[in-house]
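What follows are several structures.
Shared chain: chain A. Partners: chain B in the first complex, chain C in the second.
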Partner chain A sequence: METVLATSLDEALDALTADPGATVLAGGTDLMVSVAYGDLRPSSVVSVRRIPDLHRLDDSFVGAAVTWAELERGPWPAFAEAARTAGSPQIRAVGTLGGNLGTASPAGDGLPFLAAIDAEVVLVSRAGTRSLPWHEFITGPKSTALGAGEIILGASIPPISGKQAFAKVGARSAMAISIASACLLRDDAGSTRIALGSVGPKPMRARRAEEMISAEHSPSSAAIDEFARLVTEEVTPIDDHRSTAAYRRHAAGVISRRLLERCLP
Partner chain B sequence: MTTRVDAPIDIAGGIGQSIRRPDGIPKLRGEFDYSSDLHANHMLWGATLRSPHPRALIAGIDISAALAIPGVAAVLTAEDVPGNPFFGQERQDQPVLAIDQVRFWGEAVAIVAAEDRETAQRAAAAISVEYEPLEPLVDAEEAWAAGEVYRQAEVITGDQGLRGDVVVEGTYETAAQDQAMLGTESGLAIPDGTGGVDLHVSTQWLHVDHRQVAACLGLDSDVVRMHLAGVGGAFGAREDLSLQVHLCMLALRTGRPVKMVYDRAESFAGHVHRHPAKMWFRHEADFEGNLVRVEARLVLDGGAYAETSGPVVANAAYFAVGPYRCPSVKVTGAAVRTNNPPNGAMRGFGAVQVCFGYEAQMDRLATALGMDSVEVRLRNALASGDRLATTTQTITGSLPTAEVIRSVAAMPLPDDLDTEDPRHLPGGTGLTTPASAIKRGVGFAVGFKNIAFAETFDDFAEVRVALADAGIEIRTAAAEVGQGMVTVLGQIARSTTGIARVEVIPASTTEIGSAGSTSASRQTQMTGGAVHEACKEVLSEALRRGGGDRLTDEGVWLGGDLVTPMGDLLADGAIEHHTRYRHPPTEAPDEHGHGNLHAGYAVSAHRAVVDVDVELGLVRVVQIDTAQDVGKALNPQSVLGQIEGGTLQGVGLAIMEELLLDDGIVRNATFTDYLIPTILDAPDVEAILIEDPEEWGPFGAKGMGELPTISSTPAVVAAIRAASGRDLTRAPVLPQDIAGIN
Partner chain C sequence: MSDFTTIGFNERKVDGDSLVTGKPVFAGDLDLDHVLHLALLASPHAHAKIVSIDTSRAEALEGVELVLDHRNTPPTRYTTAGQGYPEPSPYDARMFDTTVRFVGDRVAVVAADTLEIAREACGLIDVEWELLPPVLSIDDSIAEGATIVHPEEDASGIFDAARNIAGAVEAVVGNVEAGFADSDIVVETTCETQYAQHVPLEPHIAQSWMDEHGRLVIYTSTQVPFHARRIVSRVLDIPVHRVRVIKPRLGGGFGVKQEILQEDVLGLVTLRTGRPARWEYSRKEEFVSSRTRHPMRVRVKVGATSDGMITALEMDAISNSGGYGTHGLTVLSNAGSKTLPMYNKAEHIKFSGKAVYTTMPVGGAYRGYGATQGCFPLETAIDEVAVRLGVDPLELRRRNHIRTGETSPLFEELGEGRKGVEMTISSCELGKCLDSGAELFGWEAKRSRPKDEGRVRRGIGLSIHMQGSGIPEVDMGAASIKMNDDGSINLHVGATDLGTGSDTILAQMAAEVLGLPLGKVIVLSSDTDLTPFDVGAYASSTTYVSGTAVVRAATDVKQQVLEVAAAMLGSPADGLMLGDERVTSPDGQSVTLAEINLRSLYGADQKQIAATASFVPSESPPPFMASFVEVEVDIVTGKVTLLDYVAAVDCGQAINPAMAEGQVEGALANGIGYALMEEMVFDGSGRVRNADMARYKLPGTLDLAPIKVILVESHDPTGPMGAKSVGEIGINGPIPSIANAIYDAIGIRLTETPFSPEKVWRAMRDAGIE
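Our next item is the complex of A and B:
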């Protein structure tokens, strides 16, 4: 199969236009597994890791080719905590946020932070640039709104204040696919957002729990318990070979409560 | 008792020293040649088509589409097997390629050779097989009820009417565990152009493979030559054939070298796993804590083919009481035939499963008696001179059960929770667990197993040792699988002869007879014993020829004088000795399971300290302290490596390792979903080596590769029980078990 090593967006978009069956390659930590196990046989591959635009990383934007290793040292504490849980050091050195978005696994380690912070996913094609809220970009388990000829440019991150924290339950101390994960943001006024992964078909926000706890400026332990209970009601986990729906629901509540406690003064 | 052992010659690189192994640095640098690195000019790549069904009839196979793919050199099915269509170490029941039906998910149906690996894989996928799926038999109890039994092992000992004052009963389960050796199955077959073939392959036992391969190829054994390639771990996974016959068939058919390397998913289908077991135990003791009676019923799922199920279930039955005295025993065990993937040899070989059960029972007994769990074990500890509670064999070699127990119990416990580094808390990098959510638990377990082959097996190891100009040359077919055997053979040779320069010639079937398998913790004692004996003969002949009392690389010395330089000593040629070393003979069991079935035993103890987040069910194994009965540590560093690695393999079974089956289909045949411990999951291991010399083998050394795996699992689970207060009768313990969420 042909591989185009694009060094500019133009070059990459040309290659994607020329071959509608082309697959975009950044770190390859998802893609090469699919190829190795025969699940994917792209007619051609467009490597985007040499495109400077995709490496932008500042207070408001994460380029699609930014790696987990870079995010571990990035400006958002909860995002850094999430990045630290992705794979091994070798995986984190090459795996990218763009890949996490493109794969759109319910277990994607970077997605709860993006969901909590209401990130927008920026897509670019020959037709121009468009931005989609995270929940419009991710349309289901491993499916996205990415169109033909489109490349993920990155995620734009709104400003945030207050505290933030991430937690992930896996079957071992590192290098584990998430069984349940969550990211919680809480500002000084008490406004709280909680997003969860691996407990539904795609990353989700527990809106009722958010609403309830945001009204509590100094939540009592009963209020914290109620927050956790609401989270367990809102999640929609399944049984699979990695865990059970019942345990995922339970774990979602426990880590949500603990994240809230980490973010209280 | 006292065992006399030969005194080693004091020499650099001799026994008792942690000398550096020759393969260590090349492996660290990525320069070591594993069997997957083999290459020959003009070689083809092989691929295998495997059954997607756990049980189905094959109505037809159409290979035409595969043959039509450019670059495909051969597509072979069962009809193309030239010799015996079946293989098997114990019982020849497994087809080389499926004949008319498939009996497990992943069974080999057809093989392909093509110009490159991808073409071979595409061609395999292009083969059209018409399957008629049948209902698979996947439940071990149902299989037993239906009489689908590979072997039923019965042990009845003592007065069956004996009853204790205290009775505890429990049912336990252990999951199927994968050996997870890092090197997958791989090899290269090279046809010689005259009908013969050279096979370079990773294996644990060249000669038993060789016998089966030649038979399946329908060739005389002297035109099939097997050579050991670089082995990336084994742990039992390489005891049964995988791609050996397939490679030779493809090479002989195409007339070209053929290479195969399984990917990880195929490897899960390509080798046996540890038998999952369901076990019931009833233990009875008197008020003082003396065991009075043990009853056990064991069901091991053998899967679709016999492999080593027979000896595995026999071991499970013989070691079902553990290293304890008991006057009344009844054990019934069965290894059954199902349509699950075949199970067979894995480190610990039947002793692992029962240890998980009997050690949980010993803890229950201690609780019921209100006694300390260490005290209950000490009170019943088996020692040299005692009879084994099951087989009634008198233990004539060393067996320091009480010593290993006391040693571990006396080791200091680790410091309290270290909260500085979240990676060292339950949940690790997931940051799930605050220090306030953690409970600490401590668990104790003792493991027990025989060394080497048993039950009349003619167990021998051949070596030829030569003193030549280059020093000592050792020819052996024993498989170095990464455990450090080449290193230790050199140490034995140095300490026996006084010669510093030693070379172990790469193993093959062409120069020397069988060394037996690298399994059953046997090679250091068996091939090591053979090297020791042969070296003694070489030394004796050298001293006789040279007229002295001491040998070095310079020659033969008498007192302080070099009386015969090496050149003169070898003027008439090398000094050689060929030997076939055997351990004391073993008997077959009588109808009660009694007899002198085993050649020797070893014992170990583990104490695990765990931190548990009970609410989330997450575990961090903090430290494992262990004492191991090693006879004599010939290379202490290698011994510690075996202890740390074996202990961690047991930790894996305790808290995460499980081959998941859904109606006979493996659900987690990747390292993404079959999880083994990472370095962050690895506890600190503190080990005490108990050196009580064994009655046979080199310098009192005892095989020790399996013991560290046996008692580590029950110790970890006991510690989790202590922290969580839950019963936890199944390994691995999952988060939902600890959290109580079902």
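Our next item is the complex of A and C:
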């Protein structure tokens, strides 16, 4: 397996164009697992970690090569919380947002924040740059709209005010893939957004719950109950070896309620 | 006791430096020339017959040397269990059988120049299957008209093959029915435990080659080198003297390496090809094709008087042995024999059980060995008795537990799958364990605080435990010591250090007897050519059984040393003192051990100062433990968080306290994992769905409570230097202690492990708490 250590976007795009069997490699924490299990045998890999453009991190943009460890210290509290729950220190030191997007696992811990905040995924190829809303980029469980020869540049993040929080339920205290995860944003006017992971084929927004609770400026406990109930109704979890659908549904309601409570004044 | 010079001190492990500096000390570190790599073709079916198998495409692949399957391998029936001979496990396995009995069972093995080729060749083997109905649970196995897992006629030692019973046992003392009738209260509960794997960091690995004399050498990560030699010799039909088994350092075993899973095949490959061979299980194979903990369903009934005396005990266990009966009967027996004797005031005791075949992964030896499964219902039922009587569960146990000088009729009635051995408890400091544990834990204070009523509720629980120290009248350990011209000794033991540190504590014992610093003891263990026999590392036997052999051999050597010194000093031997590497006479004259041995080897009356000694125990003094835990239950999510854990252990004299504490801490972590999260999950056809460490959850440090271990002062008069054992007992604590603490927190008795958030949540929902 040939490895190209690209130091510029140009170099990476060239390498991808030259070999149609090439795969982008960032931290390798997903990719190398697939290789080790024999699920994937790319003819070559193009490492993008040395490309300066992919390291941008400011109030409106997260480069694809930004690591969990960097996000832990980034400008968004909920994103930082999500980053802190990912893997172990070793994984966080190398795992990137671009990789989390590239894998597009329903359990990807970076994705609920992006979904809640309506981030756009910025893609670059020889044909130019395009920007897709998160839900158009993630097309299903572990599938994306990433085209041949395309690289994820990063995610552009709209401005946000108010409170935000992230929570995850896993089978142990660290190094656990989410059984359910959620990110909630609430601005001072009460407008609320909630996105959930691991409870459907891809990250999802609980729109009815959002609409209902956004109308409540200072929600009563009955309103909070109703919000949580709507979330459990909207999610579409499955049974697997980690959890049953019933518990996932319950957990989604519980963490949604807790996040909301944390984001109330 | 206090005048020990090395016993009771935290000596550094004799193999510590080589391990931490990464010396090539493990079985896989050996780099052999022209080695063949073995790969396993494992059964994809839970239960099927091989109608035909075609290996021609595999054999034709460049680099493939040999393909083994049922057609070209010995049909001898045997058990993979590395136990004393004759084994109490049925002979129901073949190297390669025509029927497979679990997903992961052996179908064929390919030996090739590289692992990649061997694996590729496995994919080229064509098997025509006749699928048989799978037997996926205890209920499937015992159902009327159930499919018979072992109908073959040449199997032996199966209790009742027609009813899928690998082994069965019954022990009766008094009359339990009458006992219950006379009791003021009777509590009954049935608990179920799940499939779990040992997950040693180092999966099974072994290598083999022919030595310069044409003898087969097997270099293997095993807990039972001598059993491995015996079983390989029998299965391959070659004399014992043609086989040498060497055990290097081990990366953990926890019981799973008390099985002969690779040595037979490696031996055959090397014999057939003349080439060295190497076989290493992948992590997935370790989960799927090796051994597991027997899941059990255990019913317990406890009768007590209103003043809190336990009068009658009944335990009935069904163990899922999986596709083969290895360790089935003995693990089952220990569910009762290593739990019920603690309550020896009961005059009426009945234990019965059966180990049944299914077409699921095979149970094996796993730390705790049945006691872990048995103590769950027993200790929760005892807790319930305390609750119903309004007695502090600590106090209830104080009133009822066995004491020094007492016995239990069950010791004689129930052994490992057969009658046991009568014995009087030579040391029991359970009282001290309960007192010191309760004090450090703050039992009184925590018990008297008001109950939490919010979303998060705390609870406390305790349980008491015993194990054994070897299998009486079965286990045997031997040691040889010879002394060198600088006064150092070579200590050769059959005992098998699987990472526990037994080489170190055995060296400490020899050093103590001979007045040597530990650095002057050169330990060699577990080489069937070079060391005397030992049954191996299991049944918490090494400290007690092998240790006594070491003390005996050292005592004999000491006597020889004193006799030479007597001649040198002109002073009678029985008045001489040995210590500080010299022998001193009553008048203050002394000679050093070096001088003594120089004389003995080169000077006068020349002879090698050396001795060999053996030990077979006539009893098995149990170590005891009181286990205390505080938990916090989130009643909305069902999540159980451990806040505090205290284990007070009576292991007799701790030879090396830091290592003994390490054993308890490790066993508790192991048990906490089993109590809270570890579980092999299966699909509807018997396939493991989480056969890797990403999906099979072992606890991390964040999942453990602060664990505090107390080793109470204790001295067993029958043990070497007063020692008993400590390797297994800790694992038994977490399940019942945590179950009792959850009950204290939320008033629900959980009867199925692991206590995952989902299970706790469901139990609360069923009970109407939300």
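Note that in this section the second predicted complex is superposed on the first by the 265 of 265 C-alpha atoms of A that agree within 3 Å, B and C clash if a C-alpha of one lies under 4 Å from a C-alpha of the other, contacts with A are read in each partner's own complex, and residues count from 1 in each chain.
Keep in mind that, in the parts below, a contact is a pair of C-beta atoms (placed from the backbone, for glycine too) under 8 Å apart; a residue touches a chain by one contact, two chains touch by 3 or more.
These numbers were taken from a predicted model, which means no experiment stands behind them.
Trainee: Under the superposition described at the top, does placing chain B and chain C together on chain A give a clash or a fit?
Mentor: When both complexes are placed onto chain A, chain B and chain C end up clashing with one another.
Trainee: Considering only the touch criterion stated at the top, classify A:152 as touching first (chain B), second (chain C), both, or neither.
Mentor: Neither partner.
Trainee: Touching A:62, do we find chain B (first), chain C (second), both, or neither?
Mentor: A:62: touches no partner chain.
Trainee: A:124 contacts which: chain B (first), chain C (second), both, neither?
Mentor: Neither chain B nor chain C is touched by A:124.
Trainee: Is A:247 touching the first partner chain B, the second partner chain C, both, or neither of them?
Mentor: Both partners, chain B and chain C.
Trainee: Of the two partners chain B and chain C, which one touches more residues belonging to chain A?
Mentor: B
Trainee: Under the stated touch criterion, which partner chain does A:13 make contact with: chain B (first), chain C (second), both, or neither?
Mentor: neither
Trainee: Which holds for A:212: it touches chain B only (first), chain C only (second), both, or neither?
Mentor: In the superposition, A:212 contacts neither chain B nor chain C.
Trainee: Please report the chain A residues shared by its interface with chain B and its interface with chain C.
Mentor: 169, 171-177, 241-244, 247, 250-251, 254
Trainee: Which bits of chain A are touching chain C when the two form their complex?
Mentor: 169, 171-177, 240-244, 247, 250-251, 254
Trainee: So in the complex, which bits of chain B are touching chain A?
Mentor: 121, 125, 263, 265, 423, 427-434, 437, 615-618, 620, 656, 660, 662, 667-668, 672-673, 675, 677-678, 680-681, 734-736, 739, 741-742
Trainee: Can you check the complex and tell me which residues of chain A touch chain B?
Mentor: Residue positions touching the partner: 33, 36-38, 81, 84-85, 165-177, 179, 181, 241-244, 246-247, 250-251, 254-255, 258, 261-262.
Trainee: Where on chain C is chain A touching in the complex?
Mentor: So the residues of chain C in touch with chain A come to 636-637, 677, 681, 689-690, 694-695, 697, 699-700, 702-703, 756-758, 761-762.
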